[in-house]
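Each chain carries a letter (A, B, C, D and E) given by its place in the written order, and its residues are counted from 1.
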Amino acid sequence: MIIARRIQWSHIIFYTWKSMAYFLTLSLIVYVLHHEFDLTWVAIPFNAVATLSTALAIFLGFKNNSAYDRWWEARKIWGKLVNYSRAWGREVLNLAIDDNQPGSEELKQWQHRMIYRHIAFVHALRVFLRQRHAYNEIENELLETHNQYHDIEPFLANNDLEMVLSKRNPPNYLLMEQGDDLLRAYQRGWLSDYRYVKLHETLTEFNNHQGMCERIKNTPFPRPYSFFSRLFVFIHGTLVPFAFIEVLGPFNIPLALVINFVFITLDYIGERTEDPFENRPGDTPLTSISLTIEENLKEMMGDPNLPTKPVPIHGIVF
Amino acid sequence: MIIARRIQWSHIIFYTWKSMAYFLTLSLIVYVLHHEFDLTWVAIPFNAVATLSTALAIFLGFKNNSAYDRWWEARKIWGKLVNYSRAWGREVLNLAIDDNQPGSEELKQWQHRMIYRHIAFVHALRVFLRQRHAYNEIENELLETHNQYHDIEPFLANNDLEMVLSKRNPPNYLLMEQGDDLLRAYQRGWLSDYRYVKLHETLTEFNNHQGMCERIKNTPFPRPYSFFSRLFVFIHGTLVPFAFIEVLGPFNIPLALVINFVFITLDYIGERTEDPFENRPGDTPLTSISLTIEENLKEMMGDPNLPTKPVPIHGIVF
Amino acid sequence: MIIARRIQWSHIIFYTWKSMAYFLTLSLIVYVLHHEFDLTWVAIPFNAVATLSTALAIFLGFKNNSAYDRWWEARKIWGKLVNYSRAWGREVLNLAIDDNQPGSEELKQWQHRMIYRHIAFVHALRVFLRQRHAYNEIENELLETHNQYHDIEPFLANNDLEMVLSKRNPPNYLLMEQGDDLLRAYQRGWLSDYRYVKLHETLTEFNNHQGMCERIKNTPFPRPYSFFSRLFVFIHGTLVPFAFIEVLGPFNIPLALVINFVFITLDYIGERTEDPFENRPGDTPLTSISLTIEENLKEMMGDPNLPTKPVPIHGIVF
Amino acid sequence: MIIARRIQWSHIIFYTWKSMAYFLTLSLIVYVLHHEFDLTWVAIPFNAVATLSTALAIFLGFKNNSAYDRWWEARKIWGKLVNYSRAWGREVLNLAIDDNQPGSEELKQWQHRMIYRHIAFVHALRVFLRQRHAYNEIENELLETHNQYHDIEPFLANNDLEMVLSKRNPPNYLLMEQGDDLLRAYQRGWLSDYRYVKLHETLTEFNNHQGMCERIKNTPFPRPYSFFSRLFVFIHGTLVPFAFIEVLGPFNIPLALVINFVFITLDYIGERTEDPFENRPGDTPLTSISLTIEENLKEMMGDPNLPTKPVPIHGIVF
Amino acid sequence: MIIARRIQWSHIIFYTWKSMAYFLTLSLIVYVLHHEFDLTWVAIPFNAVATLSTALAIFLGFKNNSAYDRWWEARKIWGKLVNYSRAWGREVLNLAIDDNQPGSEELKQWQHRMIYRHIAFVHALRVFLRQRHAYNEIENELLETHNQYHDIEPFLANNDLEMVLSKRNPPNYLLMEQGDDLLRAYQRGWLSDYRYVKLHETLTEFNNHQGMCERIKNTPFPRPYSFFSRLFVFIHGTLVPFAFIEVLGPFNIPLALVINFVFITLDYIGERTEDPFENRPGDTPLTSISLTIEENLKEMMGDPNLPTKPVPIHGIVF
């Protein structure tokens, strides 16, 4: 997530220079043809471009809107994960009661296990979501590289990690373990029937949060929408230098570049926003949110060993 | 679901060539009439077209937006089906408890039956949804053909399949069987009153998922919206070659084709997205999601016989 | 609901001919004034019209969007009614248990009564919603006339029908009867406290479905939005023939008609969609959905007497 | 709520005449300056206006959309209030059971009190919401004046009214009384633990409905959005007469008026819709919905004294 | 929250004067270059600007829409907080029952503690949300400065405040304390199992409300959307004076200023709305809503010491 109010020009150039180079070359060629070789018939009326401009602007508006919706939904899901993680902590501490032996050591160990395994689930989900799909070509962007499963080790019992990593879907396996441990507490008599089901319902919330993230991760914004928005930006942009050559002469070149810069950028903004779990600067800040959850739950447990959040670098929070 | 970032030109041509042929012919005729036969009165002012362009672009924007909403809702429903299937697995394994005989073989068989019948439900729902409506004309498109009810056979008891297939709504019948089996568990004392109802509530979730898919399947995007968007694209496109003939002469032909290509494509994108259960490349990937559910539930059961997902062909996931 | 992909021209003409006749006459008068009487000052610059065109197109887009939302919400509500009807069937059959006398005849009769009275509720709701409001002027359109309360008679006990029809809100009365019958089952001991409340919660779902439909039925899309969209279409359309008369001469007439046809149709599409319970071709197909519910519930009861859905006529499902 | 399909011209003139008078005067002045005093430099190119027209149309579209959303949400909340009021009636009648003395008079009195106090709550909420905020300037509009707290008197016990009116938030106080009365029923043994909480949950629904209405009532649509849309309409409208004066001469006057009429009206439509609880013609029809709830609940109680809804006057339902 | 219908010009100038000064200077320079130095080639065709105008207007429309959604969601969350606070009061008073000793003093003290600590939670959440992020540059705006943690002191037991303030997330700590106190009541026998969990569910609602606010607070509207909308407004605005210089001469200056004023303002409206918890005039009125909750709960407790809401100053409610 970018928090700096100003986007660095180096970033903008990084993403747009190839397209801009194409349009610069094109404008130059158009100018040379028209002014040096006097091929005046290359000029086309501006209105022909205008028809496309409006349609393109509306289509890009739709694309940016949808990309933002995906990004914001991802953030909402992780927000819910924060809320229900806090509720989970409260419920584990308050709903499991040992009537015979208040404050029994065994119950406390169980509560500790349930809450720390939940922290492990959150970190595991982060790592799971940030694995790259082969079909998302990522260029040399600034990336967060600290997404590794061994982050969850401190929150698990000794030999659990290996078991967790042997599964195709590690976070889901952790939720199943939570369920098994709930059953153990039920059989010990710490949970009544009703409170037992209540805790299972909270686990189902986590099932939902995980599944919703997987949906966004594994279902790209429909490719035809992306592909044609890019294609139309190029079709439109290619016509632009022809439209003003007659009136403007050499000034056509900077003007065409400015107009195309706006449309290219509109296209890129959406594209950089639509996939929020790809480990890039504009991502939903999973690392930061995971640490908030860790911090909140540790504070609830009275654990003094609170995590420190990394300082934003270049105005970016991961 | 298309995951390839680039749409193949062969696909684009497949869908648009008829319309493009019409507009090419039309442009040629307009050119010949105007330049060869000197019927200069065929030219119309560009502004007449511009009025329609904006209205059309807005209408197409609305159509694409709605089509995307249908497609994304379909994906959301199947996402929920994934989440609640995992919850179902956890609940069946943890909420049914044989107090008298922990780990009884009979309970285990029941759990196995409940979970595998659920896998059958998921596959049956996929097949049920992908049956074609007569009124959706499908041309020779790349299709997924492996949607057959005998896919569910391995997950059912021996003589069940026949019974299931004799029903008008096989997936709904499977849910009813699940309900009857829950009653059996309740009568055996494995489920308390409260846990019994909880499992019925999860079945109601599946009722909802199925019904929501049926709604999208059986209710096409309102026909007047589709029909008139197509009609307006043609009305507008037919006027385009007349609008530039005076200024551009022969260059009118490629320009009219480019403009019309954009509008035709905008119309097609929506149309290819609005029906997500028709067994076509842009579909919601039901086969793939079904296999994910099968995999997750089998992993929960410790079944080593995990399914293998088919490799995407030409960047398409079914 | 229209399922035919092509709207018949007879339908289009039926709705638009009056407006088109007005615009034809107007264009002719403008032409005669301008060309025969040489009143060239009647021409106005096209730009004056263009200002209005964009504003009008955006407003019509908003109207069509909202109309579609109403229509789609109506369909969603009836979709939920399908889902919860199936759940109701499952719950009535599985949650009511006679511990003393498993499979008692009396319980079976009660279950039959609860499920068939629910079918009666669904059909009654359909009839209730399709009564016409005096303020919705309906011309001679193709209509579904088979919405009569005696449709529910086969699903009720003998003397109930009269009682039901004597109420101002028959479907709500049926839900109240369901509640009373639940109380009887509770007092017989067939329902535990918890399962009793669960069934009442499902009835509350039906309260919600009915009330949501009544909301759409009784609250027209805000009249100022409808009225002014129509008025603006006419203001704009009236200016159109003046805008091109200078350039186009007689060709102004067909062009003005084409442009106005597009705007009129955009206005009509929304208007025909915004009221989904008026018994017209574009309606939410209540009859068809009611029969689906009847079919599903009868199949659950093992009743071989399944209903047959009427064949679509002219591509219309009611 | 306006149900008449045609808005009366007297209404339109009432709202717009001041603005129209301004634009008429302005157009006349522009004409006189340009044609009589020959100040031809007052003319400005149309394109300058066109830039603003599109931006303004989009902004007005957004405003109308948001205003409609507020209005429709208000209607949805009152729709839910209808649904849950019916559910409340059913629950009070069916969930409170006197096992020892079926059909006891005391229970019946309690049920009567709970249901009639709910009718009082509904009417009190209507009156509470329709109090005017000082900052909403209301001119001499057609108003519903029958919103007075003594409407609730028939539904309360004798000395309750005074107590209710002494509170800052009367409807909330009524809900608290309902809660206290539930506790009494619980202590009498008419409600089990579970059914007791269920009825409290329904009261929480009413808390939600009330609070959602208060939110809409007390939070105007952000003033900057309203203020600047009005300001931009005037800036744009003021430029219009200058834009066509050169081409049109005296005909500029009616044309400028027509164009400005459209933009002014677009602005007014939103403004008249955004506050649905101000006792004006376009309001959500609280009086009518309150009477529906009264009617439904009385019918459930077998009370023959059903209310009569007022006949719509001039096509307006309050 | 601004309730005054008219925005003061001093406010408008405060926000826009820097940009307007830039555009004024630019227009003057363009005029001097064109008219004094006769550099007529600085003029560019208006159509070049028009292409950008539409795209920019659509993009600003999207931005304003999203900003409004954030603001309105913030208001909705605090609305829910009001509703559930009232429900919390009712539940604490009615669901905790001392069967052995009705009206026991100890229970009353517990109820008082639970309700007043909730008021403390609400005020603490307000203060917590209104802390400034370093990256939101705030200039010298009219600010609400009365957001301090010692506001919650009167609602807490003596030595609690220090403990609360020592936590990283004070409101969350208060919710945890509520949970611990619920457990105490459960162990005293005042709450049945079911009523105990019900109160925990209401606490989970508050977890949700807090977390949703934190999400909006900590996740700015995606910076690329904000940054480029500002950049495009300046690119577009910089081209405007060149577009009309040829036709208008000196009148180009006021016209360019008016057009740019509209676009700048459209950009600012969104920017001032998108962050609703920054202690500025357009904020969600947290102080006012907190006092409403305090008032409602105190009235429920019969506490005569009701708070007085501050009078709006300059039409602003904080």
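We adopt the following convention: contacts are C-beta pairs under 8 Å (C-beta built on N, C-alpha and C of every residue); 3 or more make two chains touch, one makes a residue touch a chain.
Labels paired with UniProt names: A, B, C, D, E = Bestrophin, RFP-TM, chloride channel.
Since we're looking at a predicted model, the values are computed, not measured.
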Any chains in contact with both chain A and chain D? E
Comparing which residue numbers chain D and chain E contribute to their contact, where sharing over half means same and under half means different, the two sides are different
Counting only Cα atoms for the centres, state how far chain C is from chain E in Å. 39
For chain B and chain C, what's the span in angstrom between their mean Cα positions? 24
For chain D, write out the residues touching at least two other chains, lowest number first. 47, 50, 54, 56, 58, 61, 194
Contact residues on chain E for chain D in the complex? 1-7, 46-47, 49-50, 53-54, 56-58, 60-61, 64-65, 68, 71, 75-76, 79-80, 82-84, 86-87, 89-91, 93-95, 97, 192, 194-195, 198, 240, 243-244, 247-248, 251, 255, 258-259, 261-263, 265-266, 269, 272-273, 282, 295-296, 299-300, 306, 315
Using the touch definition from the top, list the residues of chain A that touch chain B in their complex. 41, 44-45, 47-48, 50-52, 54-56, 58-59, 61-62, 66, 133, 135, 137, 167-169, 172-173, 175-176, 179-180, 182-183, 186-187, 193-194, 197, 200, 203-204, 207-208, 210-212, 214-215, 219-220, 222-228, 232, 235, 239
